[in-house]
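You will see subunit A twice below: alongside subunit B first, and alongside subunit C after that.
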Partner chain A sequence: MSKSVKELLSDKEFIRKVEKLKKLYPEERSSLLALLHLCQNEISYIPHEFQEFVAKELNISPAHIKGVVTFYEMFFDKPKGKYLIQVCRTLPCMLAGAEILLEHISTKLGIQPGQTTPDGKYTLVNVECLACCDKGPAIMINDNLYTRVTPDEFDNILKELK
Partner chain B sequence: MALEEKILTANIGKKTSSDIDSAMQGGAYEALIKALTKMTPEQVLNEVKISNLKGRGGAGFPTALKWSFLPKEKKKIKYLVCNADESEPGTFKDRLIIENDPHKIIEGIIIAAYATNANAGFIYIRGEMPLGAKILEKAISQAYERHFLGKNIMGSGLDFDIFLVRGAGAYICGEETALMNSIEGKRGEPRIKPPFPASYGVYGKPSNINNVETYANVPAIIKNGGNWYANLGSKDTPGTRLFGLSGHIKKPGIYELTSDVTVRELIFNYGGGILGDKKLKAVIPGGSSVPVLTSNEIDVEMDSAGLKKVGSMPGSAGVIVMNETVCMVKALLNLIKFYEHESCGQCTPCREGTHFLRLIIEDIEKGEGKEGDLEKILSLCKNIMGRTICPLGDAAAMPCESFVKKFREEFEYHIKEKKCLPETIKMTTVF
Partner chain C sequence: MALVLIDGKEIVVNPEETLLQAALRQNIYIPYYCYHPSLSIVGQCRMCLVKVEGAPKLLTACTTYVPELPKEKKIDGKYDMKIFTKSEEVKEAQRGVLEFLLLNHPLDCPICDQAGECQLQIYSYEYGNSRSEFRFEKLHAPKRVDLGEHIVYDAERCIKCTRCIRFCNEVTKSGELTLIKRGVHTYVDTFEGKSLNNPYSICTADICPVGALTYKEFRFKERVWFLQATNSVCPECSRNCSIRVDTYKGEIMRIVPRFNPSVNGYFMCDYGRLVSERIKNKEVREIPSLREKGILEPRMEKGFYKILLSKITRKYEPKDVAVILSGRMTNEELESFKVFSLIVFGEILGDVLYITGEKDDILVKDEKRANYCGAKFFDLKFTKANENIKNIIKGKKLVISIREDIFKGIKEEQVKEILSSVEIFVVMDAFFTETAKMSNFYIPLASWFEMEGTTFNYDAHLQKISKCVSPPKGRKPFYDVVSLMLNLLTEMEIKDFETAKEKEIESVKKVLDTFKERDVMKGGFVPWFKEVKNAIPQLKNISLKDLAPLGFSAKGKKDGDN
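The block that comes next holds the complex of A and B.
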């Protein structure tokens, strides 16, 4: 189980990382995306409490933070599965077979894009071009990129995920 | 005949080329040392001007000219930005340099800083490239250790820092002013221009933005001279480019070639021909945003002059190949869904236009198209183009217009017969 946001904000190590990121750029506000990434890495999403915390830290309105969190595709303001499976859907991957792959994954996991499996293990989403179009169909699972993913190949990858 | 000069990929394929020692064995930072010790900033700028280097991000703007727009006063704070947001469908060239030869990018940026007297640089890398971000972070810290970054670089008097910013998943952040807003911790919404970045960029300070591949060309220009570069390949777009071949091609991948290569040579000589040994049907020559070509339009060079003859442009040099099994309605639906999804929503013609285009194209694809739909598509395109804050509107309209104009019979067949052309019912895939 990952930490709760309360635990996270009282973790000294985490606060040290926050302080470091705040000083990284010529102006503090540039650290916003990095802080949101940091939170999401730790607890898989960016809860409201963390948004308020960052708002205070950077002296920016909470509404601005919410606007940013909801603008960027990679940020989640609700919990997601342990493994985020992102399937590239744009043209070069489509030509390589992305639709067949997506259908296979969808059937295999029993969920549609945008949904999470009931056990909270997998969230399936569509993404736009992952910049490896010569090796489609491409998918990303959390931080890892997989290329030339056939349906069989996907089953093998799935077996490796604990 | 195109040249296979290795400028950008010279060190690629060597396992450790992202490490500074190996990179330096391959000649990294020699151009920077030459610039700092033997040349004035004006001379550096002049060599880049002579080289006629054009931006590789999509618009092909002359690089030295863009640099010269920055204010000359030494005291003014100025920023350089490197656009590593690569996310145009069909484009995967910057990733290759970022992950395999990051020092080439960093060296190019520092040389640009010397030429323009800039104070700091930002590399904005898309969020979906965590590996690239790690590699760049390490490369930047190595460059500090060797004193290629920091205060008084190699005793030259130049102070320069590079900051790495990670995006978070938004194609629109590749647009230069949206990217600057994103660096400032804002939503990635493009700004109204003017003011242009050269006077009002990051934090409202004069800023210059170039693509990864653009900066990566600079060291070779400084090392070998602007004239050498200007005489490589094409007249209007000299030097090499990283052409990315994807789609129905036997040997997909990146090919470093001069821009006088023809579309046909790229596909058949370098790419090994069409996947499935089928007939070629269509090619998008420069990333998903540029007008499509038919199979009769491929005997032109891959530079601006060549592609202009067939109503298109080199864009990001991402070449998407489609064989005869592709339904053009389905292909266009895929593209317009992308633009609809990526529109930031600020301008009505773009936000509503991409939405209506998607609805109409989706209906045609489902077999629910109506007479007059094609006219509607063309008129929507007209009403989007040139009427938006940023070029995403045009980028969405150009494929729609060109698909409908160049493959009109197929669209009409779809509307009348309510189904795909027989040969496109089962599309070739790689498995």
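The block that comes next holds the complex of A and C.
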């Protein structure tokens, strides 16, 4: 189980990392993306409490932070599953069968894109280009890339995930 | 300073201004959405695309500065830039931008509050295409979102120009708004648990070029093309924001700020704007009323004033009289009060109740009435706030309160105690206030929006207020009441106009001296003097010649009278 945001913000080690990142840039506010990544790496998503914390740290309005968090597909403002399954929906992958694959994954896991399984294990999302247009359909599960994925292959990959 | 040829016309572009600003300044129109003269420049909407000769693609005029070229590089030996705003290429781009903006727009103009003053409608008509290539189902986005106490948002109508966001970041510096998500999914939102509630929030609806932001107090009230506009001034603090009052069938539907660089710029505060809502709920009484056997009964005008005048004219020593005046009185009203006071009491009485409150560093001033500056010019005495009401009234026999609800929120027994020595209590106000209900004589006055007049703001800036709606016959501006009373006095042969006239000239001279010092005489003769004289026939024979030794003269016949 990962930490709650409260625990995170009272963790001295974490705050030290925040301070360090802030100093890394000529302008403090430039550290925003780095700080958001830091939080997401620690607790898998970026809760509103953390967004408010960053807003104060960098003297930016909380609304602006929300704008940044929601702008990037890679950031999550809600808790996500242990495994994040990203399915490319850009044209070349679609032509190579991404649509069928997505439908298969959706039925298999019983969730729609944007949802998380009730046991908190899988989160399914659509993403734009994963930069593997020549090897579609492409998916990414956490940090691992899989290409030319067929429905059967996906079932095999799923078996590996604990 | 650069010289630019724009559609064959020469314009000058200063180094600190953009092409769009320079063009607009020199009456060349380029369409734009995201640019707003009081906000930062973002180049967000692409509506202002123009062709710059030599540039590989169209450029946004709102972000283009024009550097001066060295002599040998000048175009046609003369120009620093050559611009086309009406070429086929530009027109094609404008059509394209509008088509994109309308791609997912619901086209719900028939039920949209902005219809009639919407920049999407206006530009579609002027620069748009009558059809769209889009053949798919439109994307849906949040509608009727409650952004705050006043503002409602419709993401489907929003063109993401970010004016509202920049307003909150740059003008109010409260930063409530942001764009969330990306691409076609983008829309304006607030942070969780926060809302758009700054004291200027309704200005976002003014600057929103489309129907995406509307405010609850005006939503669905009236189609804008039925509204009748009258220019006036906000009465709620000494800033005196310039406003436009939109009415329909004699009712104020909304108030919007009117651009005035030396007073309020483009904006006004929500509190001032919503004064029209507050006065809607106030109790009014249209007819003068007289207390008899404990009850305040409406009376016929003439009879009422005859009784009043016979009871107060030269019946009390000035030391037994207290008059409470208000910063809500226009210059004309203040001046006519002085005349009234001179004739009825033999000298100029009166205490202007000085009411202050919160201020901010945007527009709101601490003086909570419009015309304190005028009252200062008219040399009237000031008394600070309600605390001192008791002291003003204590031991007096006749008390007159004009345009101030002096007993608001004070318990009846306490009021009675304050008034214990008072034989006659006269209240004149636009509303039938708590104070009015305690009076022996109640005179209904026209409200700020029901009369003509002038007012000075904190900085001695003179502006005109206008009759935006007509009051019912019984409610008159204070100067009309004075005129009526003075006419009756003539009839009743209680008069002492000669000495009054002399004193009046004295006081006018004094006031004019102040004006001269403050340099507010530039626009010709101050209008109040003429107005007052028109209202009060007995003073007609004071002419501008009487004032000639002061060096003032009427500029043009229509301001003067001989």
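Assorted remarks:
Please note the rule applied: the second predicted complex is superposed on the first by the 162 of 162 C-alpha atoms of A that agree within 3 Å, B and C clash if a C-alpha of one lies under 4 Å from a C-alpha of the other, contacts with A are read in each partner's own complex, and residues count from 1 in each chain.
Just so we're on the same page, a contact is a pair of C-beta atoms (placed from the backbone, for glycine too) under 8 Å apart; a residue touches a chain by one contact, two chains touch by 3 or more.
A quick note: this is a predicted structure, and the numbers were derived from the prediction, not measured.
Superposition model on subunit A: subunit B and subunit C are shown in a clashing arrangement.
In the superposed model, A:6 makes contact with neither subunit B nor subunit C.
When both complexes are overlaid on chain A, the residue A:16 reaches neither subunit B nor subunit C. Looking at the shared chain after the overlay, A:121 reaches neither subunit B nor subunit C. By the touch criterion stated above, A:71 is placed in contact with subunit B and with subunit C alike. Between subunit B and subunit C, it is B that contacts the larger number of residues in subunit A. Once the two complexes are overlaid on the shared chain, A:48 sits against subunit C while remaining clear of subunit B.
Once chain A of one complex is fitted onto chain A of the other, the partner contacts of A:61 are limited to subunit C, with no touch recorded for subunit B.
In summary, superposing the two complexes on chain A brings one listed stretch of subunit C into steric overlap with subunit B, and the stretch in question is 97-105; the others among 7-15, 25-33, 79-87 or 97-105 show no clashing C-alpha atoms. Comparing the two interfaces of subunit A, the one with subunit B and the one with subunit C have residues 64, 67, 71 in common. By the touch criterion stated above, subunit A contacts subunit B in their complex at residues 24-27, 29-34, 36-37, 58, 60, 64, 67-68, 71-75, 86, 89-92, 94-97, 100, 127-137, 140, 143, 145, 148, 150-151.
Of all residues in subunit B, only 86-92, 94-95, 120, 126-131, 163, 165-171, 182-188, 203, 244-248, 252-254, 284, 288, 318, 320, 322, 326, 331, 334-335, 337-338, 341-342, 427-431 touch subunit A in the complex they form. Only residues 169, 174-182, 189-194 of subunit C touch subunit A when the two sit together in their complex.
Here subunit A touches subunit C in the complex through residues 48, 51-52, 61-67, 70-71, going by the rule given at the top.
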